[in-house]
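Here chain A shows up in two complexes: once beside chain B, once beside chain C.
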Partner chain A sequence: MTAVTPGQERAAAPTATSAATATPTPTATATATPSPTATPTQPPAAEEDRTWTGRTRRWLLGKLPPDKLLPNTQPSYVASWIYVLGMGAIGSLLFIIASGVVLSFNGPTWYHVSALGHFVNSVHLWSVELFFFFMVVHLWGKFWMAAWRGKRVLTWITGVVSFAVSIVAGFTGYLVQTNFDSEWISFQAKDALNATGIGAWFNVTNFGQMFMWHILILPIGVLAIVAFHVVLVRVHGVVPPLEASETDAQLTHPDTTGE
Partner chain B sequence: MALSAPARGGQARTVNTSSDIFLTWGVFGIQLGNLIVIVAMLAVFVLALVLPFPGSRGRK
Partner chain C sequence: MTKHDSTHRDDLDARPWAGRVREYDLFKELAIGVGVVGVLVLALAAIVGSPDDKTITLKTWATAAPADFIATATGELAGTTDTAGYGPPYTTTAGATQTLGPIDLQSMSGTRLPIDTAKDLVITPLTTLGAAADARATWAAASDTQRTDWATAYGEALAKAPKGDPAKVAAGDYGPVPELTATLQAEAVTGGVDGAIQQEGGVFNFDYTRTILFLGDGQYFPGLAAGMHLTGDQWGMMNETGNYPGQSWLWLFSFWYQLPVIGDLPNADLVVVGLMGLLTLALALVSVIPGLRDLPRLIPLHRLVWRSYYRQR
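Up next, the complex of A and B:
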């Protein structure tokens, strides 16, 4: 009889087990092979539908399929300069964010003491000017073509809200210039805001509070609303001009145009 | 800070204090810079409507 220590027993046991399971009979192998739909990595369609991720994916793909999100064609009426102005506002917004990020590395007083800082601050200012310039002309164009037609009311509303939030963002920008202009503007504005009762929560004479609103809260708000606005334009398509005929194939069958 | 002066006879007056230029017509007054921006926006709006878009001729 051979003596086996407890350590040898533990080492030998897995070998015996694996040897037994590694040599199945051909019959057992055939019956153990599952069908492709029953494997754990590929659940059936019905099971996938019950998961919130699957349902969310199907909802998103139904609302905004990839060819709608990034279309490579547009209806012929989009070939007009009046449809370019919204993209001009978005381009200006990208310059605002980029120059604002550079300014945030060096603080609000950097531009007082540095030529480069003065240049970046000027890029920031003039990008804002162009942003509002394009946004206002875009607003005129969409107003006169009644761009809220065709279930596009939310697109119109998000445009209005982004305009309003952008005004507050621009206002707080004036408040953090760290010069006598910002001091004068804040002391004039505090009376108006206090008259409405909002001054207790939005104190325009509190530089730290206004600075954080300007570089964090309001940029997040503007970017989120503008992104939602653009997604809605993709979902509902670009609004056709008023004179477009309702029998136009591009309007009666918009899916065929890649709109 | 610029102050606007009252106009006489309905004619536009220019008041220049410090670096700001204000134009006034009676009770209406506007800073020259703001007026230029508004006129430029109107010009861009009209041009966007009337100017042909490049490459639009061959589209359906």
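Up next, the complex of A and C:
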């Protein structure tokens, strides 16, 4: 890290002002020379910027330039319905969050006494069911595509972890339904958790504790891991077919439009 | 495949694609995905809805099955219920934990959620409600052995009585136990015991551990669950009340309990959790597990995904 001197800090403002004209004014020069060592300087070019922020920006842009973050093309082999399942899971997750937020406005027992609340609870339930459906088929699809190839191991692991954390999030959702099902599930589930010692700290019969896990801790966990997973997908791209060549030039009748 | 080939192959898989590309609109796909999912979710919510069976309270139980309630309360006084002898994190009962060889994780957690079933589920609620004062005084003045003898004798007499009816119990030395349990049942019917037990944790008590464990010690609550196919030996972990899908993604977790060789083990929970932990770890680390990582090559289902690519080679 290169330390920024007080003189440089002061120089930053007038220089920025003069950047539009590209010719520092005498005033700017005067205020920017409190000591012989401090001279007016332009902000360092991106490739020379050694600040933490500059380095981070350079690293991020190197790993994930805009065209990789928001691509408008994909390799020719990306042509199957299996590829939309990940997006289906993300779409379902959006509905889970949205319906969960609406349920949060009126608390966990609102849906027992309100037709609208019951409908929103149903939306929450079915978006969870679809979320897991899409996620499981997506996971199986990626397994049979051996999608961990080509330095994509972390992408695969984050996918598995997001699945595992989602299961815990779904489980706590069943625990906080405030109905017969949640009573029974908490009674049954305590044994497995107690047998491993976890139950003493993660008490499934403590509604308050499970509620906070369900509406705060686990959603943050799921969203963070899913976001990291998606970023990794963008960084590494979609895994090519097994035994694929470096390009698809060997194909006899390519049916896609090349660039 | 030699190590050199494998390394070269991995490099090729990691390299940016240099072949043909197709047009792709990320945001359009997201918008369509959200739209399709939205239609499905809203339609299912409107047409199918969601289950919502009412909670079972101590009041419900005491009203619907008074004999079972009294027998269970007697068991809590005698210390013979599942909760009374559970071990950590509820009680200090020796030898009650699930172990795997020398591994005893349940004991390591300690008794973090202590429950004295006689005091917390029977005596304190009666005290809070100001009921059965004489019987409580007699109970308080007795020795631990005397209390256990009274409660055990009454529990055995209830088991022998027709339909467990307290009114038909043979005469015996049961001390204050019949009055304590009958009064608790009568108070429970009014709803008082639900509030009294919850109040043990203060006004803003969100912890229902004591109530749920009390319910589970009886026959009524588990009987209702069994009638809805929700118990562990009925794949209950992945079932839901009514005709609704439950946590079907827990099918493998539930599967192990259906195998007698595992489900009948005294440490079945610990074994199943351990198995699932190992399998989840294996799934996460599949890329470094020989044999498992080769399955996609050996069983070429990937050719269905990339059928167009392979068809043209």
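Convention: the second predicted complex is superposed on the first by the 198 of 259 C-alpha atoms of A that agree within 3 Å, B and C clash if a C-alpha of one lies under 4 Å from a C-alpha of the other, contacts with A are read in each partner's own complex, and residues count from 1 in each chain.
Just so it is clear, contacts are C-beta pairs under 8 Å (C-beta built on N, C-alpha and C of every residue); 3 or more make two chains touch, one makes a residue touch a chain.
Since this is a predicted model, take the numbers as computed values, not measurements.
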Could you say whether A:G91 touches chain B, chain C, both of them, or neither, answering first, second, both or neither?
second
Regarding the shared-chain residue A:S76, is it in contact with chain B (first), chain C (second), both, or neither?
both
Of the partners chain B and chain C, which touch A:V136 in the superposed model: first, second, both, neither?
both
Which residues of chain A are in contact with chain B in one complex and with chain C in the other?
76, 79-80, 82, 84, 129, 136, 141
Touching chain A in the complex: which residues of chain C?
9-10, 12-27, 29-30, 33-34, 36-38, 40-42, 44-46, 48-56, 86, 88-89, 97-98, 105-106, 108-110, 112-113, 206-209, 212-213, 215-216, 221, 224-225, 230-232, 236-237, 240-241, 244-250, 267, 269-270, 272-273, 280, 283-287, 293, 295-297, 299-302, 305-310, 312-313
Touching chain B in the complex: which residues of chain A?
76, 79-82, 84-85, 129, 133, 136-137, 140-141
Chain B to chain A touching residues, read off their complex:
37, 40-41, 44-45, 47-49, 51, 53, 55-56, 59-60
Which of the residues in chain A come into contact with chain C in the complex?
70-80, 82, 84, 87-88, 90-92, 94-95, 111-112, 118-119, 121-127, 129-130, 132, 136, 141, 143-146, 148-153, 156-157, 160-161, 164, 167, 170-171, 174, 177-184, 186-189, 191-192, 194-201, 203, 205-209, 211, 236-237, 239-242, 244-259
